[in-house]
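In the two complexes below, chain A is the common chain; its partner is chain B in one and chain C in the other.
== the complex of A and B ==
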């Protein structure tokens, strides 16, 4: 709604400390969704090196996987994907009207579960890179 | 919710009475004096507590703004120190501040019992009813602001016109296709299950807290908003209105700025002072709308 004057942080992200679970779930879901879309482009770019022959593709992949930063980003990608999927399932239940009174708990559960899966994946992702 | 008032133990007293009745007169006498002494002790304790409490002052930080008075056009926060008493609500504190310190402090209130819906405020960063919010449940100092996403008219008074427009736009009145015959006592009976289904949705007091908390409503002025959709739910789910009327109601809520704008952030459900499961109702209407339009042939 239009404001007759600037009310400062009353109405914007400056209130983030006061956001509740459902709001955070929404913000994270949008964020992770768009990161995944962004990754899709990178993914296609890397895969399309295969059109220049098998060796080019193998070299590109080897070159990328040799970089520590790529390994770290891969952990980040997994984190984003896992959260998006788990919270996506939560949202599907919300759409079906199942367990709406536990929507905050299911958000925390997706967070914790994502965290656990990501931590467990770290050894696999970074092995040999550092 | 805690009112901060200690309720006295009555159960133990009645138990004592029951057993005492069966015992001798002397015993009854002894129990009587004992009870009296306990009551005196209670009173004494209470008085002491109240004395202690009166030294307690709540600090209020109240949003002030008055475009019509020179020097007050700039929004600012005023601080008030109000003596605290047990059971004090935010509205009590505001009334005290207005009556004792600054009679120009402006806010809406009427029923003081969470039924008129006029004192939804932004208290410590959350939409709450002033009269339903206990001081003891808040962190002090208490920051009181007008509802976000609505134009401020003066101090804590916001312009509710847009909210009311959205409420009116869903035709919030009972409109049945058929009325019962005179011989049927002219009563429009509803069965128990159906009444139970719409029970929570009938409790809306038009306070606007939900609309103010909604991030989508803030960005889309045409969005019906949680309260209006809940109103539509209240009538669409009422079986007495008939099938055609339900179709009409579904048409209203599945417009571009209707139920599909809801992103299930649950902010409205969190703040509703009448505990209406708003998100649940919006989601159910979404499913109704889909069922209504889905054809497999």
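== the complex of A and C ==
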């Protein structure tokens, strides 16, 4: 079963206090999706240094990983990816009609779990950079 | 209960393919992060290590499938988000073909890079 709702104009961000959990989930999923697809193109561009030889590839990866800002951005990428995965699982269940009554709670759970995973991963991601 | 929002019209082909690729990507993206940040640290990556992984047929095939599905899922998501924002007519056609070409270039370049990484071409 499919229902549609008049959600108004999302660009009218002055309405943000009126947004429901479902609206925030939609906005966050869209934002994280844009970041991930942008990163995919950047990622392939960086990895393409492998076509220039083994040394160029290794030096490029190691040079980038030596920069503290890159490590911080990687933590951001992890946060974006983990939320997109967890909220994506939530969306699959919603589309299957499972847990519809608790979809606001499952959105909050996605946020909390994403935060916990990211915080727990920070030491591994920034190790040796500072 | 919160309302359900989506950029997709449920039931159409693009919606279905987005869900199918999502199921695959959930597992592979998590595996990719685990392998290259926790098992092998990103800062310690070398070409030889990459080549050792990419020389395994199963890993190589998984990474190619990852590239293709991630590109489709990402670009299909962008296309549907733009349609959801009101894109139509000539602009919709133009955006569609720009995204198709960008996807093909990305998959071609990613596959070419994977062949170099596996040592199949040098």
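We adopt the following convention: the second predicted complex is superposed on the first by the 119 of 130 C-alpha atoms of A that agree within 3 Å, B and C clash if a C-alpha of one lies under 4 Å from a C-alpha of the other, contacts with A are read in each partner's own complex, and residues count from 1 in each chain.
As a convention for this text, a contact is a pair of C-beta atoms (placed from the backbone, for glycine too) under 8 Å apart; a residue touches a chain by one contact, two chains touch by 3 or more.
As the structure is a prediction and not an experimental result, all values here were calculated from the model.
Trainee: Please indicate which partner A:15 is in contact with in the superposed arrangement: first for chain B, second for chain C, both, or neither.
Mentor: After superposing on A, A:15 lies in contact with chain B but is clear of chain C.
Trainee: Considering only touches as defined above, state whether A:48 meets chain B (first), chain C (second), both or neither.
Mentor: Second partner only, chain C.
Trainee: Just chain B (first), just chain C (second), both, or neither: which does A:78 touch?
Mentor: second
Trainee: Who does A:120 touch here: chain B (first), chain C (second), both, or neither?
Mentor: In the superposition, A:120 touches no partner, neither chain B nor chain C.
Trainee: Identify the partner contact of A:26: answer first if only chain B is touched, second if only chain C is, both if each is, neither if none is.
Mentor: A:26 contacts both chain B and chain C.
Trainee: Identify the partner contact of A:62: answer first if only chain B is touched, second if only chain C is, both if each is, neither if none is.
Mentor: In the superposition, A:62 touches chain C alone.
Trainee: Once the structures are superposed on A, label A:97 by its partner contacts, choosing first (chain B), second (chain C), both or neither.
Mentor: So A:97 only meets chain B here.
Trainee: Spot which of chain B and chain C makes contact with more residues of chain A, would you?
Mentor: C
Trainee: Quick check on my understanding: which residues of chain A belong to both its chain B contact set and its chain C contact set?
Mentor: In the superposed arrangement, which is not itself an observed complex, chain A uses residues 2-3, 5, 7, 20-23, 25-26, 91, 94-95, 100-101, 103-104 for both chain B and chain C.
Trainee: Using the touch rule from the top, collect the residues of chain A that touch chain B in their complex.
Mentor: Residues of chain A touching chain B: 1-5, 7, 10-11, 15, 17-18, 20-23, 25-26, 91, 94-97, 100-101, 103-104.
Trainee: Using the touch rule from the top, collect the residues of chain B that touch chain A in their complex.
Mentor: Listed in rising order, the residues of chain B that touch chain A are 65, 67, 75, 122, 125-126, 145, 148-152, 162, 215, 218, 221, 263-267, 269-270, 277, 279-280, 283-284, 286-287.
Trainee: Under the stated contact criterion, what part of chain A meets chain C in this complex?
Mentor: Where chain A meets chain C, its residues are 2-3, 5, 7, 20-23, 25-26, 30, 33-34, 36-37, 40-41, 44, 47-48, 50-51, 54-55, 57-58, 61-62, 65-66, 74, 78, 81, 85, 88-89, 91-92, 94-95, 100-101, 103-104, 107, 121, 124-125, 127-129.
Trainee: Under the stated contact criterion, what part of chain C meets chain A in this complex?
Mentor: Those residues of chain C that touch chain A are 1-7, 10-11, 19, 22-23, 25-26, 29-30, 33, 37-38, 41-43, 45-48, 50-51, 67, 70-71, 74-75, 77-78, 81, 102, 106, 109-110, 112-113, 116-117.
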